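Take a look at the structure set out below.
A, B, C and D label the chains in the order they appear, each numbered from 1.
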Amino acid sequence: MNFICNFPCFSIVLCIFGGIISSALKGRAAKYLNAFILAVVAVMSACVLGYTLQTGESFTYVMGRFPAPWGNEIRAGVLEGGMALFFSLIMILSLFAGREKLNEEVDPEKMNLYFIMINLLLSSLLALVYTNDLFTAYVFVEINTISACGLIMIRQTGRTIEAATRYMIMSLLGSGMLLMGICMLYDMTGHLLMENIHANVQILAESGQYHIPLMVTIGMICVGLAIKSALFPFHTWLPDAYGYSTVSSAAILSSLVSKGYIFLLLKIIYRVVGFDVIYGSRVTDILFVFGLAGMIMGSLSAIKENDIRRMIAFSSVAQIGYIYMGFGLGTQVAVVASVFHILSHAATKSLLFISASGLVDASGGSKKFIDLTGSGYRNKIAGVAFSVGALSMVGLPLFSGFISKLLFAQAAVRNSGKMLPTLIVLAISTILNAIYFMKTVIRIYTPVESEYPVIPVKRHKVFGLAMVCFIALNVFLGLCSDLVIRLIETGLSMFA
Amino acid sequence: MSEKKTHKQKFSEWFYGENDPFVAAMPVQEQKEHQVDEKTLQEYEKERAERHEKVFDIAHNGKIRAFRRSYRVLGVMMCLLMISILLLAVSYLPRTGNPANPDNNEVSRVYIENGLQDTGAVNVVAGMILSYRAFDTFGETNVLFIATCCVMILLMLDEKALHTSGLSNDRFYEPKNDWILQKIAKILVPIIFVFGIYVMLNGHISPGGGFSGGAILGAGMILYVNAFGFKKTQKFFNETVYKVIKVGALCIYGVLITYFFFMGANGLNNHIPLGIPGHILSAGLILPIDVLVGLEVACTMYAFYALFRRGGL
Amino acid sequence: MGANLLSNYGEAVAMILFGIGFSNLLFQRNLIKKIIGMNIMDTAIYLFLAEKGYIAGRIAPIIIDGDQSVERYINPIPSGLVLTGIVVSVSVTALMLSLTIRLYQRYHTVDLDKISTMLQKEGR
Amino acid sequence: MSVLLLPILLPVLFGIVLLICPEKWFAKKDTGRKKLCILAATALVLTGLLVVRTLFLKDVGEYYILFYLTRKLPVQFHLDGIGKIFATVISVVWLLAGIFSFEYTKHEHKEKRYYGFYLILYGVLNGLCFAGNLVTFYLFYELMTLVSMPLVLHEQTREALIAGLKYLFYSFAGAYMVLFGLFCLSRFCLSNTLTFGAGGILDPTLVEGHETLLLVTAFLMILGFGVKAGMFPMHAWLTAAHPIAPAPASAVLSGVIVKAGVLGVIRVVYYLFGTQFLRGTWVQYTWLTLALLTVLMGSMMAYLEKGFKKRLAYSTVSQVSYILFGLALMEPAGFTGAVLHSVFHAIIKCALFLTAGAVIYKTGKKNVDDYRGIGKEMPITIWSFTFISLALIGIPPASGFISKWYLAAGALESGIRGFAYAGPVILLISALLTAGYLLPITVRGFLPGADFDYTKLEKKEPSALMTVPLVILAVLAVLLGMFPNGLAQMISRIAAAVM
């Protein structure tokens, strides 16, 4: 067995170690340790990706001495490796870009705690990506939730703590339903490992035995994960959480945490319940409807919003709606589009959050649009970055947003039943996006005599560098989408 | 609403948790930004009073009343709907206690039949969670760890703040040096400790294990603190000790488990003897891991209590 | 309605508890009551698991005098899951309680609606 | 490949260089401006030459694929008659307006930015003309909207900002109607690369049963491109955005950018859907009605309007709807007339706005009633203006006459009930109105009337940089009217190909 096969396990355990050790370190040391760990994890994930591409098949890794149905297992394929690589990259960039704000906003005694949260968050994300065992998934979902809560409330104002509370409540509802679903699934199949559950569920679906409990279980799992990833009616905690936490947290939360749950849902769709069974039960139509509703409502409340960070947060409600709409369409193409949208949204949204924080710095720390007027001239790189993000969101060709919209539309026209609602809602939400993002871009480029000083690019080298990387990532996703889509398709084929 | 309250008002206050037993008498010190701007604080107070006059006065504000009614009705209906769906599902699930159920399959059979030989643990459950499904348990321990970290973020106060704010006297709300409590604690605490250690060490041959044993230890320490106060406790258990034990335990646990994973996954035989089943020194990795988990859990329990109590260990 | 509702009375009770806890956690305004609801929900899940693990006329899976026949012991897996679940819910409860304490210190109420109205007033 | 890519990339590169290089290079009072102008001029001339070179190539059958946006959709370019014609007109207008603006922007601020975006916009428009499929077209269309924003916002006054926002939102609304069509179409075409093909590329077997959806799609796309062309329901932005820009900018906006909408409609109707799919459907009738409505309304508003540039903007609205009307007839003659008219109108409207610019630049008078005796002050300008207005009104032998003739002929040939006769009548009425709103300026300019005291007249003739482009445009406007045959035949060949 090739040594690279150990890397998934190693990267998870390494992150956990980083968390444990950071709790005994001072803030600075914890920061460096964390940076080191992130880099190593990125390299390992790249190796895993390359290895799986080379061998052309996924591999399972037994955690311990005991093989499949008895011991824990993790599993790595192209999609897993790619996701792990992407997550760690986004996390590195967000952390570097938000470093200065972090030093301002987090009190130095508790800095190491912040990095504990980051490390364990990454470990849980990796575990969610790699795991092959539902119960392990549950445990790491909990870790994910708690560390995300820590990220929200590390900056201690009334807003963030209230937001953290709301977030915890929603997530607890979600994990309760998820756990109950897992238990019922175990009761019907007698397994916790994904392959075995899949096999048994196929048998049950054919024999028609336990039909009603199976449907209820699928419903509970889907709805639970939807709640946790802030699908439309359950998004009340989101604007405060993203709008007032420190900027790296906002970027990481919006681009990674919810995506972790969505990826788990993807695994459950493909590897636990099975594509046909889950779309045979009409459960996914619920997701579809809520996704559509989210696309509209999120954008509407974003238009009403008068605070740039909250506006971006609401727009990510809309984007999550896109992803669930893709799942709800229920075709392979649509799922590919959703996965691509996960990537493009992660890249764009973190870019938007961080550049917005740069603009806010250039406007005396006020997040109101009236003060942001002309901030694009005061902090040039942030202005450019924000415009790029906005254009990508609006769906200008050459940027990632356009590609994902195109993919969704192409998927929609293949599904004649849901074609019209999808296309219409897609068009409406795109126009709404255009309205609020273009409004913002025009405003930040409207020259005014402002008392706030100009922030030269030299002062924030790291920030500028991170911005450039994000822009490059975005354009890469926009231009070389074909390559990415091929990767996603191979990964999904390895799933089944 | 100073005059005498009717039962209805009392009930509604109880129902919405409005009445506030000790407004000014919170044992934990107030938060920084809350202290700095006195003016805004007064504003909150005033607004809160007004709100109590206008908004939350159920008697006069018809809209709120209607909203709350509908909210309650909605809640109940939702609850009933969910329960009925779940009951429907349950009614189709396999019968309880039936040996032919799908969950009594080869998995559990192998756990029971080969568990002793595979793990060396008489307690099959302990063998299962610490050796077959070790990864889950490792994650679970980290859930505890990260939860304590979060509580620290929220409630930890640095030492000088503790001393300056006069909260170092943490027993302000309780009888000083309660004689009965101290005497009983003197007798009970050692027994509890011994029992906890016993449960921890026998995790693999009898019911119990790291988590339960650790919880018992933690309970003992909490009792000790209640009886004798933090000053005496800190003589033998302060923050540094806590950190050393916690980080040490977790790190060793991590190293052991990684060794176990690596050896197992790459098909190398690990050199840890399983020993004779039923003896204390047996079951390979399970015993040390139990001890480590126990320490971790004990620390966590105590840390929760201490942090809630006075915002510091 | 299926046939096994009466024989599965344990699970039925668990499900009722689950519903109650869930809607408490969702609909209560009072944070403490929310937390209580959460605990009810988790407990319901443990009850469900315990019921599922039980097999009529068998004993707890601790090997007695070397008898390793399956017919003797109940299914050990749900017990293990319950252990994990308990630990998770303990930590989550602690976290929620500490959040509540902080909110109470700041706003002198545990009613989430009041807190959010105050936040509206607070601006920021 | 390079033949098509160079005219697109060269000006864009120049423009980006201009935008990037620091302000202080051009800070010096005279030499700085000279450097800037020379740089811009070289870019314009070079690109113009490249574009003219394409005229002498024969239409390339195959499509140059640049890269694949997704697996199915390439970004691709090709060269055909329509593209050639539009590109050439654009280059002429761009060059002349550029020369004009060298003088005009002397007193403007932020010249560097102005020329930078001016050049980039030029490149983008070339890309629009050479676009090989709908996706490429859409890409350059969006880019054009974004890049032309700074020109509208150039003054940076409050009105400019409002106008710019209006412009942006209208354009995006239109663009998304097109995007919706793009999504829908990709399924029903022979090759789902959405490549333009003369006469339409719909696959009849796939279309079977989806006619209504496709008709709605077609209508939406026509409406969407109609936004840029200022068609009736979505015209409000035009009269706000064009007058606010600096005169040369509004000349190119009103002369060329609106033609991008026209080009889009041509591509959609004649190269994607094909006329036989749309002819005789409700789409055609609604479209005709809208176009005629716009013609009338635009000229009436222009007649009532007092501000010079705003009046010209309204006349743009009506004149471009002539073109849309001609296209909506779906008749060879109508098509020829439409394309001819778009060529002529580009030249004419550019010239008119340049005149306005010259007048305002010299006298500062924005209102039409103040133009008494202006002909005495700047004769060359007003003379050229006179010829150009004659051309626009359509008095033979000037150019406008030819195109309107073709349009009327097409209307009569088409024999669509009602429109066959309503069309020419309305054209006639609006021509009269055109005369009504253009000629008085000349008349009052040269014959200020008895009570006008000639003492306080002084020579205000602008410098050659301004007059020469005007004269050239005027001459073009007249000459093209006298010898239209070559152009007309070229266009009717295209018309035969697409129908």
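FYI, a contact is a pair of C-beta atoms (placed from the backbone, for glycine too) under 8 Å apart; a residue touches a chain by one contact, two chains touch by 3 or more.
No experiment lies behind these values; they were computed from the predicted model shown.
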{"item": "By count of C-beta pairs in contact, the leading pair of chains", "value": "B-C"}
{"item": "Central chain (by mean CA position)", "value": "A"}
{"item": "Cα-centroid distance, chain C relative to chain D, in whole angstrom", "value": "69"}
{"item": "Euclidean distance of C-alpha centroids - chain B vs chain C, Å", "value": "13"}
{"item": "Centre distance in Å when chain A and chain B are each reduced to the mean of their C-alpha atoms", "value": "29"}
{"item": "Between chain B and chain D, centroid-to-centroid distance (C-alpha), Å", "value": "72"}
{"item": "Per-residue overlap in chain A, given as positions that touch at least 2 other chains", "value": "135, 139, 142, 146, 149, 153, 156-157, 161, 186-187, 212"}
{"item": "Touching two or more other chains - residues of chain D", "value": "none"}
{"item": "Numbers and ranges of chain C residues touching at least 2 other chains", "value": "2, 18, 22, 26, 52, 77-78, 84, 88, 91-92, 95, 99, 102, 106-107, 118, 122"}
{"item": "Graph class of chain-chain contacts, one of line, ring, star, complete, other", "value": "other"}
{"item": "Complete list of chain pairs which touch one another", "value": "A-B, A-C, A-D, B-C"}
{"item": "Residues of chain B touching chain C in the complex", "value": "16-18, 20, 23, 26, 28, 30-31, 34, 40, 43-44, 47-48, 51, 55-56, 71-72, 74-76, 78-80, 82-83, 86-99, 101, 103-104, 107-109, 111-113, 115-116, 122-125, 128-129, 133, 136-137, 140-141, 143-144, 146-148, 150-151, 154-155, 206-207, 211, 277, 300, 304, 307-308"}
{"item": "Chain C residues within the chain A interface of the complex", "value": "2, 18, 21-22, 25-26, 31, 34, 38, 41-42, 45, 48-49, 52, 77-78, 81, 84-85, 88, 91-92, 95-96, 99-100, 102-103, 106-107, 112, 115-116, 118-119, 122, 124"}
{"item": "Residues on chain A engaged by chain B in the complex (per definition of touch)", "value": "1, 5-6, 9, 13, 16-17, 19-21, 23-24, 61-66, 69-72, 74, 109-110, 113, 116-117, 120, 123, 127, 133, 135-136, 139-140, 142-143, 146-147, 149-150, 153-154, 156-157, 161, 184, 186-191, 200, 210-213, 216-217"}
{"item": "List of chain A residues in touch with chain D within their complex", "value": "391, 394-398, 403, 405-407, 409-410, 412-414, 423, 426-427, 430-431, 434-435, 438-439, 442, 446-447, 479, 481-482, 485"}
{"item": "In the complex with chain A, residue positions of chain B that touch it", "value": "31, 33, 85-86, 88-90, 92-94, 101-107, 110-111, 118, 131-136, 138-140, 142-143, 145-147, 149-150, 152-154, 156, 158, 243, 246-247, 250-251, 254, 257-258, 260-267, 270"}
